[in-house]
Amino acid sequence: MKKLVSFGELLLRLSTPDYLRFSQASSFDAVYGGSEANVLISAANFGKPCEFVSVLPDTDLGRRAARELQINQVGVSNIQFTGKKLGLYFLEKGAINRGSKVIYDREHSAFANMDPESLDWDEIFKDCDWFHWSGITPAVSENAAKACKIAVDKAHERGITISGDLNFRGNLWQYEVDRKQVMSDLVNKTQVLLAGHYACKQFFGLEAEIGSGKDLSSKLKDQFPELKTVAITNREEINASHNKWSAQLFSEGEAYESVQYDIYPVVDRVGTGDSFMGALIYGIQQFDLQKALDFAVAASCLKHSISGDVNRVTLEEVLKLVDGDRTGRINR
Amino acid sequence: MKKLVSFGELLLRLSTPDYLRFSQASSFDAVYGGSEANVLISAANFGKPCEFVSVLPDTDLGRRAARELQINQVGVSNIQFTGKKLGLYFLEKGAINRGSKVIYDREHSAFANMDPESLDWDEIFKDCDWFHWSGITPAVSENAAKACKIAVDKAHERGITISGDLNFRGNLWQYEVDRKQVMSDLVNKTQVLLAGHYACKQFFGLEAEIGSGKDLSSKLKDQFPELKTVAITNREEINASHNKWSAQLFSEGEAYESVQYDIYPVVDRVGTGDSFMGALIYGIQQFDLQKALDFAVAASCLKHSISGDVNRVTLEEVLKLVDGDRTGRINR
Amino acid sequence: MKKLVSFGELLLRLSTPDYLRFSQASSFDAVYGGSEANVLISAANFGKPCEFVSVLPDTDLGRRAARELQINQVGVSNIQFTGKKLGLYFLEKGAINRGSKVIYDREHSAFANMDPESLDWDEIFKDCDWFHWSGITPAVSENAAKACKIAVDKAHERGITISGDLNFRGNLWQYEVDRKQVMSDLVNKTQVLLAGHYACKQFFGLEAEIGSGKDLSSKLKDQFPELKTVAITNREEINASHNKWSAQLFSEGEAYESVQYDIYPVVDRVGTGDSFMGALIYGIQQFDLQKALDFAVAASCLKHSISGDVNRVTLEEVLKLVDGDRTGRINR
Amino acid sequence: MKKLVSFGELLLRLSTPDYLRFSQASSFDAVYGGSEANVLISAANFGKPCEFVSVLPDTDLGRRAARELQINQVGVSNIQFTGKKLGLYFLEKGAINRGSKVIYDREHSAFANMDPESLDWDEIFKDCDWFHWSGITPAVSENAAKACKIAVDKAHERGITISGDLNFRGNLWQYEVDRKQVMSDLVNKTQVLLAGHYACKQFFGLEAEIGSGKDLSSKLKDQFPELKTVAITNREEINASHNKWSAQLFSEGEAYESVQYDIYPVVDRVGTGDSFMGALIYGIQQFDLQKALDFAVAASCLKHSISGDVNRVTLEEVLKLVDGDRTGRINR
Amino acid sequence: MKKLVSFGELLLRLSTPDYLRFSQASSFDAVYGGSEANVLISAANFGKPCEFVSVLPDTDLGRRAARELQINQVGVSNIQFTGKKLGLYFLEKGAINRGSKVIYDREHSAFANMDPESLDWDEIFKDCDWFHWSGITPAVSENAAKACKIAVDKAHERGITISGDLNFRGNLWQYEVDRKQVMSDLVNKTQVLLAGHYACKQFFGLEAEIGSGKDLSSKLKDQFPELKTVAITNREEINASHNKWSAQLFSEGEAYESVQYDIYPVVDRVGTGDSFMGALIYGIQQFDLQKALDFAVAASCLKHSISGDVNRVTLEEVLKLVDGDRTGRINR
Amino acid sequence: MKKLVSFGELLLRLSTPDYLRFSQASSFDAVYGGSEANVLISAANFGKPCEFVSVLPDTDLGRRAARELQINQVGVSNIQFTGKKLGLYFLEKGAINRGSKVIYDREHSAFANMDPESLDWDEIFKDCDWFHWSGITPAVSENAAKACKIAVDKAHERGITISGDLNFRGNLWQYEVDRKQVMSDLVNKTQVLLAGHYACKQFFGLEAEIGSGKDLSSKLKDQFPELKTVAITNREEINASHNKWSAQLFSEGEAYESVQYDIYPVVDRVGTGDSFMGALIYGIQQFDLQKALDFAVAASCLKHSISGDVNRVTLEEVLKLVDGDRTGRINR
């Protein structure tokens, strides 16, 4: 298999244990993640060769962050170590009707301050057949946005398949920019997109019929003709502990629907969309589109039971759930 | 804003971690709480100035207990430090069909042994517009009962609004006493009462139609003409992990009903009634009665997701739930 | 009361904390259990005198394992300490649609290597009125199977009531053997059997109507005429966190049905069948059969809320649930 | 071997983890101990049959406390379960130049409130050859003092060897009493006494040459002619983390000296005197007096490395240290 | 007593538990501290009224940080809440010959970005008799340096006693500045200074005889004539776990020497200099200079046994150590 | 740089937390290690490319074990995954005069049962300039011994430098074998040997003057003429918490001595010899022999402060200690 490459920031997540509030915590559980890295790890779980491109600080914590990818079989030889500040975020895990809270502390990080010209994409893209980006990267800083655009342009030139996740984060984008232009430049060269109603409206002013994935997909494809496949995940939030989870795929005139999973009690929902995306990339390359969708929804259903930002499941475990075994029976 | 004052005992709670039984525990999680202090902290969360009056032992643990109130913005300058024993209770948290168990160890505490004449209520009640008592205080000891009566009398003389929570605890009341007389002396001067069918029968022999809050409220008001507002909370206990939660208010001929919240899995239900009461006091002063009720139910719904005896929520968080957002969505 | 005796292996269980996957764990929670010991502890909870017969390694861990029985009021004077390896298993607790995983490490243990002639059953069976075996013991090794057969023969000779739990474990039975013969030798002398469709088919080739406990019970009794009472537990696995639990009893032409309990979130389901069996043995001796069944189902319902392999409940707690109080209300 | 019996209170100890101060702790580590029980467990480690006589509350915590003795091979069939309050104490472990702090909470406990006539000493003393008491028991309450006197009188009548530990605790003795008389009644019938300069002065007004164990021993034997053997432990407290530890024995005109152990960092010094006493009782019965002393000092040296109130060492481990191997080498 | 005021940044410290390296940690212990706040808490322990002036982010973590001061009896009414980033640092605790490591993450914090004109010093300095600053504050940012200068000028105008701690931190000072000028402006109006050879050389190019506190003090007083008292702490670092600790004071021609404390194993040395300074301020106001020095050294000796940045000791505890009791004996 | 290769077993270590005894533990801390892997990780810390050859079970735990090497930059592409049992050992960490205890559970592991012919050494040894073996591998099983001999023979044929560590483990060697022959076959082709008096006597009957490394080295070189360099580590065990640590090197007629480090309190001494060996291999290739020895002793001195079997230090950290900075000062 050829490589899947992505580019983005890796963060230290500091979360309160046992559903404590920020004001109650005397320790924080530490894990490492970030949307683009999460996508890679999700695909690497199934055997896809993956490579992460990033900038991390030249400190013990920066090096520790990179090791998280190595443990999860993702290549790190194109990570730069420079600067001092690691991007991080604090997470207070919610329960019942109390939602989770996030406090970002990632401005001025080594990644945000990166030199957008410093990456050798020709080298990076050797043996690569898929590049993935997310809307978080251009939101981090002007430099990150520039680097992301260069990566997409280079991948496109080489005929590499490109996927993206719109991932609107209102709390980022802390610099002067024409967001629509930045995002359009990326989507214009993208074939597979994970999208949502809210992000499409925020980025492109694009309004579809409420709840209609089909309509949203059509409008996106009208605006971005290179788009071939649009995926939409549907989270029904009964409360912070109880969600229902499903997804749709729209590709070449066909619409695909997944089953819906009833998820409670939620163990950790951070990174579930990313686990969906990584499994979808793998699925599109290995299966037909219906099975790719079913595979991605099952993989991300399982992610809700796993602590941390990244999915840790095997091909066999996901396929067992795709085949309908929801029992959680012990094998002994 | 003027002050809310309450008087009662502050306890150390020692609970088994991770749903362990008493026989399994090799450590206990420690928090501090008590019905009256919990009410104050609930109100202080929203900005109400609060003052707790109590007696704590003159030990490192007694001083630590008082600090819990300071952390939560409740005044402690009228707490006496004398004696040696801190009241405490052991809690085994239940799950599924196994209920929680409590072992009290509060007899002969510094609070129980207090001198009922030792408190300077004229000083305490300066700048105060509301006094709250609970039925736990007179149940602790004869001295505590006497002190509670003095407090209510003094508050009444000064025209301060008085609220009470009947809070029947069968395992306390370990001294010779005419309970009905003691409790009637308190309710006689009370305007706002949190009550329940079982407590009304135990204390006053007062029996209302089963499940009818309206009937119970009428009979209470007949017996205690100064009562203006009666609140009743309704907990439907499907099991220890799954409750439904709502409340009613009866005031000046009007009946108010809240929505019902579906609560699972319960994180910590101790002190939820107290969080309701504190939010109701705040709500009555700030909102109309329907909104005060909705506010108190939402605040106490959130308490079920928070470890410990006391609520830790902001005005904004409660109002968001009052406005109907139960999704527990992450804001990022 | 006379003694209940059982014979089997005691294992160290090493489980990942907080629903972590094996790949995430940096510590393991340690408890001790095993099907036969679990049955004894379940019965000992209610006051039945119990005695465990086993072989444990002559190490600090072997001695620690035996202490677990002493803590739970089970006699250990017939445990041999010899050899070096303690049987153990690793448990990854599942959640939502991710099932639990077990990795056994019990081959070549002190128990598996035991001398089948070394136990003095005449001594052991003094003051004993019930012997219990499980299908796990003959699955461990040829020596264990021989010892189990000797025990059943000796008990039968002395007129002791014999119960068994088929407990099919496909991952054991790692030696050359005619399973059907081994198991038939045991069931032939058994009066009370805990059975299931799958185990009956695997061991005896016996196929009953799908879902019909009555049919299964009839066919078992045809094949094994000494059988008087057949019990069947029914677990509906909605997912790993949510189960429904009930049971049936078939005895002397009568069929008994229990109520069904809705169980979520599951705290620990390992050993629930064993807790059912121990409570059933106690119940059959103390109550009529319908109450014995109700008692066993209620006891094992509670087990789902208790960490570890063994049940820790009192007679009063079980009877309260038998009487229909599922509220999990706090008694204070 | 015949039994060693002791009588006293069993306490729950709640200690702050990781050297935290009381004001910092959000949990407490829980262990069970008490001077007399600690002595028994120390002797039981080496194979001496032991029996503990006490009164514990009729609660889940009272029953859990008794189990601690069972785990450690001490008989519990003469423990009464009645009342509600378990004696307990809070421990803040010191370090460097900050000493440990203890807050007692044992007044009005089930043990303190016991009925001194309720114990059947004739039954208890069957098969017993040694009774041990400590000065903590008469300090707890008048009832406990009476019961202790009865026990000593009964043991003496039967010709059982009696040992005692003066164990002066200034914070107890909270009732009206002639301490000298109470203690003299016990020591008058005692053959083996663990004593110290300070306790002898406090109880008996007996002043010996500073630092001279020999002189102290002589004066004790003058006053209490039945005394045959006096033991004195010497703790040189360099600071809370660093102690030096040795002991002396005076018996029938001979003086015995132990080696001195250098102990740092102290893991847990609570109960080290008790572990000395239990090992001394065992040693006197099994060895000559010099070896008995060496054995007791080595056993209690090891106790400093073990968390909790009770020693957990084997005969082999102590004898290895008696033989001079202080290396702490790994055996593998 | 009048107030002690200080101004500086409050940080969240995230430290690895149990001496783990950064690369090993899966959680971080969280405490709050900062040199100036540590000084205040140290003085507040003894009853000195204290007030902290600072800028914290308007987030749940910013508010939690402020509560740490309230718990420790330090006033917070002059803390501004604005901005988003809390200053923080990561700490890897060393052991034996491996030193501790610190990774700062405090650039661009709410404090660093503060408005230097925004503080109402006339209001703040009411009822104040002492102001303390440290060299860390001007090192944080140009704005912080300006604010610090204003504070010192205002205090000086009002005749308030001023103390400072040079506290050289090479890793800060990340802006263009004439350090000597900035620091001289502060020391010029300071009466009591905690200084060291290295800091004096870095800031003022001032070189004294190696190891001679007296010479250093003279040269400082020559350069800064308003200086009356110079304190120097002496840490002999045998290794990370074993330090020796003493101090000197030079005032009006007199030299004072403290005893030396032998400290091992070090529990937490962060903030020990600050605990010295806070105790010295208290001591100078309450005792003669020799006792003030002894008091400050004893208080900071105890700090080495206490986890976190701040000291938690009582007046009695420090005076006991001043009186020479290093035994760490348990009081019971 | 060319690769360092080693071959051996990787074990799961389960250790009791906080110095608890086996009988007290309710959880075990889990790390992965093994003498040969520890050597590789020690060298990889400094940038040496390393490759581990082994057999691990085909389970989630086997795969997790391999990841430990990846995290630490050691290649794993020649690890086979087959079989079910992971080798493991239980560790009770000692303190003061109580030594650590180890219970091995590694018989019949996937590694012990390996096929000695299954490894492609020609492939493995590409780009390799050093092979390391330890005496533990032939002790595990006959198959492992055969595989180890093949590896040494193949490495020797290719002119690769060979090092060994005698590592005598009396509790292993559980099969019929002529130990002297097996070990001689390995040492005969070895150039660099880590040896000790006891191992030399046990394996080769070789007795040197007590305490004379020089004499031991001479006798080894007489018997094994290919040996060029002999290293000896000296551990002075004052007790389990306090060791002194130094080493010697004998090479081509020269003797080299290191400084001695005073080590207390020991955090984790398991694997310190291995960390010495890995650093020595690196040192011999990079430095002169005296500095290589100093480097290896400093690296392994630091290992005593690090939890787990493997060292985690940087080149800079070790060189700083080599240069004599033992202060453990914080860099900030």
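Every chain is named by a letter (A, B, C, D, E and F) in the order it is written, and numbering of its residues begins at 1.
Following the convention adopted for this analysis, a contact is a pair of C-beta atoms (placed from the backbone, for glycine too) under 8 Å apart; a residue touches a chain by one contact, two chains touch by 3 or more.
By chain, UniProt protein names: A, B, C, D, E, F = Sugar kinase.
Source: prediction; values computed, not measured.
Chemist: Which other chains touch subunit A (Sugar kinase) while also touching subunit D (Sugar kinase)?
Modeler: B, C, E, F
Chemist: Please work out which of A-F and D-F is bridged by more C-beta pairs in contact, and write that pair.
Modeler: It is D-F, judged by the count of C-beta pairs in contact.
Chemist: On C-alpha atoms alone, could you tell me the rotation angle mapping subunit C (Sugar kinase) onto subunit F (Sugar kinase)? Nearest 5 degrees is fine.
Modeler: Between subunit C (Sugar kinase) and subunit F (Sugar kinase), the superposition angle is 180 degrees.
Chemist: Quick check for the class: compute each chain's Cα centroid; which one is farthest from the centroid of subunit E (Sugar kinase)?
Modeler: C
Chemist: I want to confirm something about subunit D (Sugar kinase) and subunit E (Sugar kinase). Since they are copies of the same sequence, is their interface symmetric in residue numbering (over half shared, so same) or not (under half, so different)?
Modeler: Counting shared over all numbers used gives less than one half: different.
Chemist: Find the geometric centre of each of subunit A (Sugar kinase) and subunit C (Sugar kinase) from their Cα atoms only, then give the gap between the two centres in Å, rounded to an integer.
Modeler: Here subunit A (Sugar kinase) and subunit C (Sugar kinase) have centroids separated by 45 Å.
Chemist: Send over the residues of subunit D (Sugar kinase) in touch with two or more other chains.
Modeler: Only 21, 23, 26, 67, 101, 104, 264-265 qualify.
Chemist: Among line, ring, star, complete and other, which one matches the pattern of chain touches?
Modeler: Its topology fits none of the listed shapes; call it other.
Chemist: Could you list each pair of chains that touch one another?
Modeler: Result of the pairwise touch check is A-B, A-C, A-E, A-F, B-C, B-D, B-E, C-D, C-F, D-E, D-F, E-F.
Chemist: If we count contacts the way the header does, which residues on subunit F (Sugar kinase) are in touch with subunit D (Sugar kinase) in the complex?
Modeler: That would be residues 18-21, 23-24, 94-102, 104, 169-171, 237-242, 264-265, 269-270 of subunit F (Sugar kinase).
Chemist: Please name which positions on subunit C (Sugar kinase) make contact with subunit D (Sugar kinase) in the complex.
Modeler: Subunit C (Sugar kinase) reaches subunit D (Sugar kinase) through residues 67, 70-71.
Chemist: Give every residue of subunit B (Sugar kinase) touching subunit D (Sugar kinase) within the complex, in rising order.
Modeler: 14, 17, 21-23, 25-31, 59-61, 63-64, 67, 84-86, 88, 90, 92, 101, 103-105, 107-108
Chemist: Would you tell me which residues of subunit F (Sugar kinase) are touching subunit E (Sugar kinase) in their complex?
Modeler: 261-267, 301-302, 304-308, 312-313, 317, 321, 326-332
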